[in-house]
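Note that the chains are named A, B, C and D in the order they appear, and that numbering of residues resets to 1 at the start of each chain.
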Amino acid sequence: MSRLSREDMARRVAQDIPEGAYVNLGIGLPTLVANYLPRDREILLQSENGLLGMGPAPPKGQEDGDLINAGKQPVTLLTGGCYFHQADSFAMMRGGHIDICVLGAFQVSTRGDLANWHTGEPDAIPAVGGAMDLAIGAKQTFVMMELLTKQGASKLVETCTFPLTGLACVSRIYTDVAVFALGAGGARVVEIAGGLSFEALADMARVPLIDARASLRETGA
Amino acid sequence: MSRLSREDMARRVAQDIPEGAYVNLGIGLPTLVANYLPRDREILLQSENGLLGMGPAPPKGQEDGDLINAGKQPVTLLTGGCYFHQADSFAMMRGGHIDICVLGAFQVSTRGDLANWHTGEPDAIPAVGGAMDLAIGAKQTFVMMELLTKQGASKLVETCTFPLTGLACVSRIYTDVAVFALGAGGARVVEIAGGLSFEALADMARVPLIDARASLRETGA
Amino acid sequence: MIDKTAASAEAAVADIFEGASIMIGGFGLAGMPSRLIDALIARGAGGLTIINNNAGNGETGLAALIKAGRVRKIICSFPRQTDSHHFDARYRAGEIELELAPQGNLAARIQAAGAGLGAIFTPTGNGTLLAEGKETREIAGRQYVLEYPIRADFALIKAHKGDRWGNLTYRKSARNFGPIMAMAATCTIAEVSEIVPLGALDPEIVVTPGIFVQRIVAVGGVQRDDA
Amino acid sequence: MIDKTAASAEAAVADIFEGASIMIGGFGLAGMPSRLIDALIARGAGGLTIINNNAGNGETGLAALIKAGRVRKIICSFPRQTDSHHFDARYRAGEIELELAPQGNLAARIQAAGAGLGAIFTPTGNGTLLAEGKETREIAGRQYVLEYPIRADFALIKAHKGDRWGNLTYRKSARNFGPIMAMAATCTIAEVSEIVPLGALDPEIVVTPGIFVQRIVAVGGVQRDDA
């Protein structure tokens, strides 16, 4: 069985982002998605610090300290992009104007609860940024993560044990071995990567899974 | 005894508006105050429809339908003025950023309750506009009105009988016969126009009045 | 390619349905999207709930929509004006329901809807008829009234220049309700003087980012970009 | 004549007192008013409550203020960063109190303060540690958390150009918290690249109207108007 690389995962998420979508990519793994957005689609990236129409990193030597992304890295602005203040930026998220956000996660529950901001360790300094706003505000919240921790535990769980970011907010998870759709009915398997069987996947995930591969292909969802 | 004309009342209010003040003048009588603001003071007029630094009416033939005041009359913008949307405009009022607003009134109570938006007649079509926001939002709310109705009733009352605009919001009333300062302690007479005696004024007003002329002159208030 | 340009005002309003809630920009006639309203009248949908600061002036725009009998309810701050005779007549005849809101509450409730808030405690209206029956609360020594967001199915607004991504600038005091209504409607349709090529609007001076605009119609010219 | 121009950053912050609450603009270093913070450090007032998105980066600006031991409490959304070592050290030593707020709640609470709201029901944080002990309410089928406005005695912000009336424009993503903090503080002090003559800023592109700004300091040049 072959697991998807981080780049392959980013490529897979990018496929599901349609023309004209307003998208916010979280810090870390989700940032890679920008590299794989189809060039024939106009997709607008929003950055929580006040940009819409965010472009790629500038060439060396052309960085501008006043033009950065949410990860505080230098970026550019596409032709047609614009700037706005923090209240308007978060109105975009919280008011349901962002179509898709893509976030990393420590854990996601089968009903879509998300834990991605705090390890819960007593000596950790907590930091949340815009994660909670994005998680509950975007029309669709995608999570992108390896299915298992380095220790082999499944990050798709029945109940999150890490502190929550938001309740019932994740609609899809893109992992290195499968894509899941989440909801009140539980976790449905949309597709499986490589040669992995459904049973082997269920054994890795260690949560109840519904095989929705046939039905989802039929409806095109 | 000589009562102040509407122009004299406007001139009297204008005297109390200091250099640098941000001021909103209500529709009707208060609009006249703009004509008497001392030319050696920079005073910025705010218009609820989204102007700061409102200037006088334009010359005939130079009206612009996109540049109007709260009364929907054509105006101009001073050098240094600017435009903004309705939420920001009302944030200026409600957030306590406007120094002084000047409003007309049907009735004002001695503790500063204001009634100026609705006659209470059952067949009247109510309209409130920004009156309630201004009344409670500005740092100081001045009322400008004749003391008596055409029927000779005092508009300074112990309790308003017309529907209220705001509670305990008026700090000063400029009338054709006297200037009053209002507050929890009641109505204090700041000055009396013409040759009217305090007793004659009290007889007209028909509410308990405190003669504060001497003390206010001493403190300069 | 994202192109929010509608072929005509008629095309832009073609899916406005019977009973829809519609925010209409403007303070009096400044900022009122008259071409879109004309197209809406021609379209014929009735039973509308209209959110506007006023209730129509004279014979055009919102006044004409009211005259045509399409408005079931209006949420506004200042209906009664010297030239609001079409509203006045329908209101006195009991044919239009009126929800009167202080102008600042109207603006704040529209802004709250666009920003995703559930409700706001506002300082305006406390102790008055317009807060009767509403929840109040003392916070830090002052009384506030609980008010709920105002959302709408559509917003019809007038802007100055726009581009195919829906970015907008406004002109003078015609800006008024446009930026906040654009954020509070499911489908925002902007009537602009001119559609300019993408990139012609300085990113620093865009007032309404295109994310808040679904369709744009030029009443003046359209400059296509070369891209 | 209204002239909000301060002679120097030092003069502009001269009345910031021990124990003051201070909003500081910026997202990381973009939009952080470094000259004003340097002047504040030199001024010496301590026991400060700081409202900022972060908790300082590297050795300059807010990080330097924290290093100098002047900060008693910080209200922010994202303190822990690779280069927030001065905050980290003070926090672990129990010398700084931290109030963590989701960034959207932080922005909305600042905006609510500027707009005079008493409280807001916000969608963010429901069911999480950051809403523990807070009032919640279901409105139209969704759970919201009650959050209160954040006001401050002072706001120190960085803008691009300004004039003697305090009108401001910003530059790119350095705009971030500037416009809303300016509205939420009793005394807003803006550090700008350049002070331009009154009228040099197009009234359509002013982002922060001068009413929200009490003092302005140029780190670049000052062009006096001829008036």
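As a convention for this text, a contact is a pair of C-beta atoms (placed from the backbone, for glycine too) under 8 Å apart; a residue touches a chain by one contact, two chains touch by 3 or more.
Please read all numbers here as calculations on a predicted model, not as lab measurements.
J.: Pick the pair with more C-beta contacts: B-D or B-C?
T.: Contact tally favours B-C.
J.: Approximately how many whole Å separate the CA-defined centres of subunit A and subunit C?
T.: Computed value for the inter-centroid distance: 34 Å.
J.: Express in whole angstrom the distance between the two chain centres, defined as the mean CA positions of subunit B and subunit C.
T.: Centres of subunit B and subunit C (C-alpha means) sit 30 Å apart.
J.: Round to the nearest whole Å and give the separation of the Cα centres of subunit A and subunit B.
T.: Spacing between the chain centres: roughly 55 Å.
J.: Quick one: which residues in subunit A touch 2 or more of the other chains?
T.: 77, 83-84, 87, 90, 93-94, 137
J.: Among all residues of subunit C, which ones touch two or more of the remaining chains?
T.: Subunit C, residues with two or more chain partners: 108, 115-117, 122-123, 170-172, 203-204.
J.: Which pairs of chains touch each other?
T.: Here the touching chain pairs work out to A-C, A-D, B-C, B-D, C-D.
J.: Write out the stretch or stretches of subunit A touching subunit D in their complex.
T.: Answer in residue numbers: 47-51, 64-68, 72, 77, 83-87, 89-90, 93-94, 118, 123-133, 136-137, 163-167.
J.: Hey, which residues of subunit D end up touching subunit C in the complex?
T.: For this pair, the touching residues of subunit D are 108, 112, 115-123, 137, 139-140, 142, 144, 148, 169-172, 202-205.
J.: Per the contact definition, I'd like the list of subunit B residues that touch subunit D in the complex.
T.: Where subunit B meets subunit D, its residues are 19-20, 22, 42, 44, 46, 52-53, 77, 79-84, 87-88, 90-98, 137.
J.: Enumerate the contact residues on subunit C facing subunit A in the complex.
T.: Answer in residue numbers: 1-2, 113-117, 163-165, 167, 183-184, 198-199, 201, 203-204, 206, 209-212, 227.
J.: Within their complex, state which residues of subunit D touch subunit A.
T.: Interface residues on subunit D, with respect to subunit A: 27-31, 53, 57, 77-81, 88, 91-92, 98, 100-108, 110-111, 122-130, 143, 170-180, 207.
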